[in-house]
Amino acid sequence: MTLGNVLEWLIKGLVWVLILLGGFAYLTYYERRALARIQVRIGPNRAGPFGLLQPIADAIKLVFKEEFIPARADKLLFILAPIITLTPALVITAVVPFGNEPFLLFGRTITWQIADINVGVLYIMSIASIAVYGIVLAGWSSNNKYAMLGGLRSTAQMISYELALGLSFVTVILLAGSTRMIDIVEAQRQGWFLLLQPVGMAIFLIATLAEVNRAPFDMPEAEQELAAGYHSEYGGMKFALLFMAEYDKMIAICTIAAALFFGGYLGPDLSGLPVVGGFLKYVQGPIYMFLKVFILLFGMIWVRATLPRIRYDRLMAFGWKILLPLSLALIFVTACGILLAQDVDPLFRWSIPLASLVAGFLAILGMYQTLRRKEHARA
Amino acid sequence: MDFTLILFIILAVTAVATAAGLLLSRSAVYAALFLVLNFACVAVFYLILGAPFVAMAQVTVYAGAIMVLFLFVIMLLGVEKLPKGDVLPWQRPLAIVAAAILLAEAGFLLFERARTSSLLALPGAEANTMDSLREMATVLFNQYLLPFEVTSILLLVAMVGAIVLTKREKGEPA
Amino acid sequence: MIPLTYYLVLSAILFTMGALGVLIRRNALIIFMSVELMLNAANLAFVAFARSFELTTGQPVFTGQLFVFFVIAVAAAEVAVGLALIVAIFRTKHSIDVDQMSSLKG
Amino acid sequence: MRVLEPLIGLGKGLWVTLRSMFEKPVTVQYPEHKKPVKPRFRGRHVLKRYENGLEKCIGCALCAAACPADAIFVESSENTDEKRFSPGDRYASTYEINMLRCIYCGFCEEACPTEAIILGDNYELSFTDRRQAIYPKEMLIEPVLANGQPTPQKTEPGKFTRSVPEMKDPVD
């Protein structure tokens, strides 16, 4: 461990954090514009050309808002909670690789990854599991019953969906035979894990929606029932931090989803192009990553625009009774498929998606039998 | 003083301080948060000792699941603070004496019996390879398969037990 | 380079503090947390010993780490049951003060 | 496949929202483009003038009496042929409407004997101060028409003795 190493980590981390912060600002703009289009509106278009300065205007507004701490709130935790919420959102993507072509800079070989550790997926798991603290503490320290209910709801929800999330990670680990993120992406050269484990991807996306409290699982901050839940007492920059955490988590999980299921930085090789090929060789990985994250983010916004919030007891029942057994079944069929492919014939690898789709079908059957809204008899 | 020793001292002081915070804090919420910090320190110790898998399991299970569950129960029951009132006034001094005896005993055994010569270096690149994880998995699923299965059954039993203990009978008031 | 003894001393101190917490606190939840602290202290000693053996024998020894893994799993099970018990006791007694739990029949 | 119904329903819902992305937005870019109001829209009041520039309002304060919100205040003074504001004897020397009280019911319109007060089509009534909410006569009265003269006018004696004009019955 040399000074150079430390400097490299610091600079890479700083650059990525800055990208995340800028990304947060423009993700709010992206979401508002996309939601507006879905609702046949235009969206923010006043501040600057196409409303591109809108996030900056919002930031300025938030900075000048009054900072407010409720009476009998726990002051220390009230101030700490937004920071505790934001930190995991910023650090969780440290292990995601953004490209595989290292480049030379100041005599050092720089890789497109902040930390290349062998337990990369487990790192993501563990950071995802501590992300709940900020929300719980924000809810508790506000000394407000709605905030508290939001915090408790989010604890229960995040613990429940973490299991399905972790198990869907396991299918990826099995398919790639590694917990190192770069190995997982490289293992997708033959085919994205989206094709090999479609239902696993679906579970991952659903569970992450619940993890980051996005619609239709935005129970902890349900505006209508809980008056915005855990952040109802927050204003000004503290609210901005909570908001930032939520959107940075969206970016983070889309980045992780892109790396785990959508081939990460892989894509058609452009380095053969005449003029820009030499340059593209290095940056095509990040560009593909950006495109995938952009599309996945649109998916999240699209789901938010479409689906209404589901009821709390159904959310829990769905997590424990459907997603958890389904993801266990997926691990089983994935392991069986890998074993068959190893010992009998490599073509058995394609039995995994088939079996996983069958398992998904059975899960829908189970959902149809137990969770379906009962038809009321009408006179 | 080399770098690792400084790191060790900082972490050790933090670990002891957070444990003291657990002992002394009035509010159960603060106690839980101090314990989370303590677990985080221990996780960093595991990393220094070349056990990244255990470190991640520590953060995921202890900090991510167990302590969140503690916080959940504290908030659910609303028992951040207990009312004052000591039933056993002699308990505290007696406990401190007992703890001092325990510490002295542990120290005596450590300095009398432990091999104090071995020096633990920071792990090299070998701890950060997939091979080390694979070997660990091989040991786990061959040599320790029975304990692993027993543990899984234990977890299942615990899950069933937790549900049975907290489930209300039909008609029982809340 | 840190001597193994340092880790063991730290582990002993943390264990003692956990034991002290069990003895002097009356909040059942904090007592429970102190038990977790003691488990952690033991785990730390396990991993330190594992590292020590690894360095003396020159090849990786995973027994210590795996033991910690099992301890973590058992702790998870223990917490699930323990917290369920505490919730059940709170329902009948409306307190989790251990001094109040003096009768066998709830 | 009744079992797959939830999935098909989900897909249908997503398709609806995706399709609506490609519809033409209904947003009106307000300050630049204003939609014309409906003929019966009741906006801010306007005090009308005759073609020669004389004010229609004769200061009778029937509007103030009719106002259910008590938003109108009228003070009248005597017209002379030297300084004539409106036909007849009197004119409104002060005419104020408190826009915070006005409920745009249109009773003032109905009460007015000379059709002097009309609820116009102006709905841009923002102000930054409560005192600005009281609109004086200068703001309410419409500008002088092209062939008229501003008030007060010097007029021939005996020409404008009738304060209420002769009106036909409204035809609908």
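We just call them A, B, C and D in the order they show up, numbering each chain from 1.
In this section, contacts are C-beta pairs under 8 Å (C-beta built on N, C-alpha and C of every residue); 3 or more make two chains touch, one makes a residue touch a chain.
These numbers were taken from a predicted model, which means no experiment stands behind them.
Student: What's the farthest chain from chain D if centres are computed as the mean of the Cα atoms?
Tutor: Most remote chain from chain D, centroid-wise, comes out as C.
Student: If you average the CA atoms of chain A and of chain B, how far apart do the two points sit, in angstrom?
Tutor: Distance between chain centres: 28 Å.
Student: Report the inter-centroid distance (CA atoms only) between chain A and chain D in whole Å.
Tutor: 54
Student: Please compute the C-alpha centroid of chain C, do the same for chain D, then give the distance between them in whole Å.
Tutor: It comes to 78 Å between the two C-alpha centres.
Student: If you average the CA atoms of chain A and of chain C, how many Å lie between those two points?
Tutor: Here the centre of chain C sits 33 Å away from the centre of chain A.
Student: Spell out, as numbers or ranges, the residues of chain B touching 2 or more other chains.
Tutor: 53, 57, 65, 69, 76, 132
Student: Draw the chains as points, connect those that touch, then say whether the picture is a line, ring, star, complete or other.
Tutor: Basically the chains just string along in a line.
Student: For each chain, which other chains does it touch, given as pairs?
Tutor: A-B, A-D, B-C
Student: Show which residues of chain B lie in contact with chain C when the two form their complex.
Tutor: For chain B paired with chain C, touching residues are 2, 4-5, 8, 12, 15-16, 19-20, 22-23, 28, 31-32, 35, 38-39, 42, 45-46, 48-51, 53-54, 57-58, 61-62, 65-66, 69-70, 73-74, 76-77, 79, 82-83, 87-88, 91-92, 94-96, 98-99, 102-103, 106-107, 110-111, 114-116, 118-121, 123, 126, 132, 135-136, 139-140, 144, 147-148, 151, 154-155, 157-159, 161-163, 165-166.
Student: Which chain A residues qualify as touching chain B in the complex?
Tutor: Residue list for chain A touching chain B: 1, 74, 77, 116-119, 122-123, 125-130, 132-133, 136-137, 140, 148, 151-152, 155-156, 158-159, 162, 166, 178-180, 183.
Student: Can you tell me which positions in chain B touch chain A when the two form their complex?
Tutor: Residues in contact with chain A: 3, 29, 33, 36, 52-53, 55-57, 59-60, 63-65, 68-69, 71-72, 75-76, 127-130, 132-133.
Student: Using the touch definition up top, name the residues of chain A that touch chain D in the complex.
Tutor: My answer: residues 34, 36-42, 302-303, 305-307, 361, 364-365, 367-368, 372.
Student: Spell out the residues on chain C that touch chain B in their complex, using ranges where they run on.
Tutor: Residues of chain C touching chain B: 1-10, 12-21, 23-27, 29-30, 32-34, 36-37, 40, 43-44, 47-48, 50-52, 54-56, 60, 62-63, 65-66, 68-70, 72-81, 83-88, 90, 95-97, 99.
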